[in-house]
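Chain IDs A, B, C and D follow the sequence of writing; residue 1 opens each chain.
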């Protein structure tokens, strides 16, 4: 493919491979977004009389045929194309001749790629929010089922105080609901139209940036044209930062699940269709997927670092370095999406070993309760009862005698006594359900509006059936 | 100081130093926040009849005397104290005897430190937002002054198209206004009261978490008690992530400023009171501060990584690892604060060398304009005029002849022709001013409400004059 | 493909995709290394009489046929295979029946993958060292050519003292020679045979680990079997750390080159076949490749962080998390390899603009020389002459008069006066050439020995012609 | 203090604080190294007749008096000094008048700080290597004591195959011995004298760089003067990279220890003087120190990232950004030092609960052994016996019946059967002891030589007694 900037000399082959090999492969994901952008841009060029109606229709029709080809995997981006923008312009020129050569009027690949990534990010966040809500919902269901199932609460990985399985699960749901707030903030930044910034300095042509922005369903035009370019990598980073928060929660969920399924804890069993085996040890059932969730959290943190590291210290204006942020951005979205899905699968499939949980609620968990009881019964200040109970318990533990055990009923009684907000006896699941429902409504609205806008842009008759 | 958990044996000295040396030094910053939390906690204990009025007054008075001591630097936290919580409880016991031993009823250091960090974070974000608005304002003023001053726009560090100094500066202002949205989202997460989660599993005591939350001016109670503990590090990370975005913008501003003050660019001069010299080269005037802004951006990215790396993979419940997130959190806030302040100083002091900027607007910047003109005049499609102009310009540049130069008036004319939204001829400064004003109103409201709430908690007669 | 651990149930499809999709694609790179390991393992099984001669020959022949298939791209690893080990065992069973089912005796995929990565790493480091020496050599040649070409030396991005282009280039060569020492240390760690550690706890079978190690040309057996597993990720990280050092040097080279090719500096011109253009600006010739080198340095730092982050905090023994270190390891090797190659291309093609370099050697560069001259001529201490010259120079600069200029001959005279070790007048290029030659000898020896050993293992008649 | 570069104007106060507040505090650690460097530099100036004997003696005496003041904490570096170099030059001028003003002849703070950090790094690495050997030795002793103590070996955190406590501990010793190789390589890079590079471009004065290098005991002069400056941060990073490898091993040791001391595993008990307690839960004995080792590993990875991130993308020559690498360098050394010491303390104090370890060696650990036995007894290929045993074991586990248990004697028999290199029955402790002894010899030599050289430089009569 002739490069858009070709002016009569050939680029060194090593240089071409070094620059474009990876980028062209990634750009296959951006075909439809680039087409959508070109549809809106063409409509605007018609609006300001730089295309006439016939030319516009030619372009519209050729662009829609790309959508059809993409839906069946027939449209590709070759390394010699450099990028999706070139391969699409090349297709348009081939299909429409002179008209195709007009499409790039008043824009640059710099603002095109920004647009593609914004639209791609939007779509991905719609899907990720949905996965997040699924996991949240699975956790709340799980919490509800096990609201009265006692388990040890740990600090410093040591048994600390009485907790419940419901409390454990509901905590993750709340974490994810907080994450949604960060995700929404990043979504808001992403929801700005970059088109018209061109190479970063605008164009001496009276383009209508608001028109294009509306056509594509953006909340607003991103105003300053240098800032538009300077925000490359920045907004991707903002999204990845929100994803990193989600992943940190999943990492904790994974680590807990891995611990709780060891022979030593034995709180959970995992159905074997979620496990893998060993090539040497016939007995093994490994929860590899949660190890991978744990590892991919670190990967996502590295991707966050990568994007922000690349952009750090760059001068204003487009720099080629930005191209290197495309892959970590896409990968981070993939990771978050897949890991949310896997965690929902795990939470929905956990087999709880009730008797092991109860048996683990040993004597020392109640030392604090005992100290509080003494405060009341002996009318002593807490710090004194703490010391008395501390001495007692230590002595008992050191004697290694059989220690007193509480019955399941007693344990449940104790759970109920944690009746303050957010305690094991007062989980507040309805409040979480309400937050979940509210967030779902907002995101469904976002998704629906976006789909409708894009359908209008394409024209319903042109929507590939696969979409 | 006797440790709160001391039960009759001594901890190894190396262990003590390993754990507490750094932490106690950091905790000096948290004295007043810990006092505020204890004031609210004591009020709640009185409310649920675990303290009587006299006891409450004793504690209130002793706590306020700590505020007075802190204001004059007389209250310290020693390594042997482990942390600020211990040193304050120790003070209260020394001051009030048995009453002091009651203060820790129904709470843990785990929820105390969470509270202290939330309050500390709040205060710091109030200050940082104010610094951010100052810089934003300085940039808008600068942009207004230089709205019609032409300069080259760069891509790939090469001269690309015509730009203006106003466009350059206004872009940074918009970036910061976007950052404010991320900062607000992080602020929202931080604005939840953790008190009552105790060690992470609540307490079997009917505490009133909402009461405490209201006393301290939080927007809401952070509900699930395990989640409260699990959010240690997480919310700090959310704040640092927002700061990282700010720093990336300052890093770009720093890099631009450093380039533009080289002998080679020569666009800016810096007053010598902002510069430092060399010990060997008598002539040097270095803009060290902007190099440090650039470097501290990398530091802040590392702090972001540090906090998130530490929390990654930890199981649920409090882990000592969290203590290691305190320092990077505080340092990140310091860095953002100082760098915003320094950048405001630099922007307010920049001496613009107008003639150098104009002289740098050389011939090749207008190649795109020429291609657009040909589109119109020759009625050719853009891709064809692009190739024609490309060949022309390359030939001219290679002949190394004197190239045509545009007058200042012509340049300004061209700037004005970029009249679309966000172009050099249509900066939209009023819109940025409006966004700035709106954001300032919100943050001033937050700050004022917080100060008022804390003053009511302390009682106006007890506010140290230095505060 | 039946999984090696399949015992009569099917794994969930999402789980399979989550685990194996990426891994199987990466494993295509490890086919021949896995075959080599199996050849050595089979030879050892024969040696300890767990395979008879016929079985061994069957396996040897089947394994060599895989090498032939791989050479023509006909051997693949499918996601349903999970990994290369499974796909190869599957092939062997299909080709040899019962004999193939014996190959996995006394080993595990855990030690197999370790082996594959060690061999892969070795091969890659052989190639990378060679690229590094090429760049080093190009830099020394360049330094020699421009040994007497004056240029400004910069500190704080400001003109500081007189330097030379030769000094600039030779410095990078020395940096790379130091990097070689780190690379050699990492190579040494990698040069240990992991085979026989099995799943990390050895096998109750009298295997001969030294025999296998010798067959594969390792310097030694990595002894402790738990440590072998614990070193997964660790040795990869050691290699990537050395690569990170190389990349930091290339990053600096890239940044310098980018600055020196701006219109403002104008010290270098790059032939246009190494440049790319813009889709909108007809005049642009961008040195994208050096921007990518700069960006990929950040990518490599993130990969270093990724590998080390993933392994951090993992308990002893194999964890699935390690699988996630395979990709960053391979990518880091690719990046270092490609960037070294590209930098050699750039250095070999740089067009030096002599007159621009000389013209940039302005007055202020000699302030320190002047202060030293005063020390001698006026017999004053340096700190006093520093202050005198400082005042003089500042006054002159502020008067903006025409400042004295030195002739090229004078500049060269000054360069020669920097006659101490490593100064512009005494570059010590012979010493660098010697270090380069010594290092090359060592690495060539390593490479040759390795190739010979592997050829012996395969049998020369079985070496695919493409290798 | 007057700044070295002061030329008659005052620097802005905010600027001064922004730049120097942290740096001056860190520089207190570099006082003696800076003095050593000045002693060598003065000797060289005398050698080339830029100082006469009297002047040299004046400076020598004044410098030695600084060493005496430092030994008693009486020499400080104030923020207004900017750095240790200024505060020392100031002292010399105050003490010797004109002579003191001559000390900075032919050097710059740029090469001074490089020197100080090289000497500081050397001293620190001497100490760290010694701590590393202590831990290694403690681990080998522990391994020897528990060579025949069976325990489960884990993969994927699940019980996998039989292992031993000796095998577990010895693995960490081997890891540290490998780390020593990386540490030695970094030490080698650090062992180059930077003095004479001045501001990065040498000096037009016939200084004798080899003389200074020998006086300070460096292995060689770091030649190219630009490279010397470009290696700021680079060599620090090389050292921190080696420390990161050590920390990753300690992190694994910490995680294992934390798991093995939970109620659920119960393999180890920790003496209470190494534990800390809870402010709320009277029974708690937390192994905080190992949680901190785990967390500080992440901190060290972030410091590695910080140093390398800061240097990435900087142009050649000194940049102020480098100052920001000083603190992470020092902190990384502190962390590695302290964590090695703490781990030695923990390993030396571990109380092993033999019966818990043996009881954990449950039935499923022997599935692989069983499959190997079947290979022999039934003459079947491994993959077939694997499937047979897999089905058997799964069935048994699912029936939840009492499973067969092996006696301690049987377990030890099995351990001994892992008789190949590095297996539980053949730990190879002597080999590790030998590697340890060899490494210790080298490092002791390094340490002794360094101390002797420095003592000669100072003159034995001038060595402060505290040193």
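Convention: contacts are C-beta pairs under 8 Å (C-beta built on N, C-alpha and C of every residue); 3 or more make two chains touch, one makes a residue touch a chain.
Since the model is a prediction, treat every value here as computed from it, not as a measurement.
Student: Provide the labels of all chains in contact with subunit A and in contact with subunit D.
Tutor: Touching subunit A and subunit D alike, sorted by label: B, C.
Student: Find out how few touching-chain steps suffice to connect subunit B with subunit C.
Tutor: 1
Student: Any chance you could check whether C-D or B-D wins on number of contacting C-beta pairs?
Tutor: C-D
Student: Of all chains present, which has the mean Cα position farthest from that of subunit B?
Tutor: Centre of mass proxy via C-alpha means gives C as farthest from subunit B.
Student: Please work out the Cα centroid separation of subunit C and subunit D, and write it as a whole number of Å.
Tutor: 24
Student: CA centre of subunit B versus CA centre of subunit D: separation in Å?
Tutor: 32
Student: Specify, in ascending order, the residues of subunit A that touch 2 or more different other chains.
Tutor: Each of 4-7, 104, 110, 155-157, 160-161, 198-199, 259, 277-278, 280-282, 284, 286, 288, 291, 294, 298, 301, 305, 309, 312-313, 319-320, 368, 386-387, 390, 394 in subunit A touches at least two other chains.
Student: Per the contact definition, I'd like the list of subunit C residues that touch subunit A in the complex.
Tutor: Spelled out, the residues of subunit C in touch with subunit A are 3-7, 9-12, 14-15, 18-19, 82, 85-86, 104, 107-110, 198-199, 272-282, 284, 286, 288-289, 291-292, 294-296, 298-299, 301-303, 305-306, 309-310, 312, 319-324, 328, 338, 341-342, 345.
Student: Mind listing the subunit C positions that touch subunit D in their complex?
Tutor: 4-8, 89, 93, 98-102, 104-106, 110, 153-157, 160-163, 167-168, 170-172, 174-175, 178, 181-182, 184-186, 188-189, 196-210, 221-231, 234, 237-238, 241, 244-245, 248-249, 251-252, 255-256, 259, 294, 297-298, 301, 304-305, 308-309, 311-320, 368-369, 372, 375, 381-384, 386-387, 390-391, 394, 414, 417-424, 427-428, 431-432
Student: Can you name the residues of subunit D that touch subunit A in the complex?
Tutor: 152, 155-161, 258-259, 261-265, 277-278, 280-288, 291, 305, 309, 312-313, 360, 362, 364, 367-368, 370-371, 386-387, 389-390, 393-394, 397
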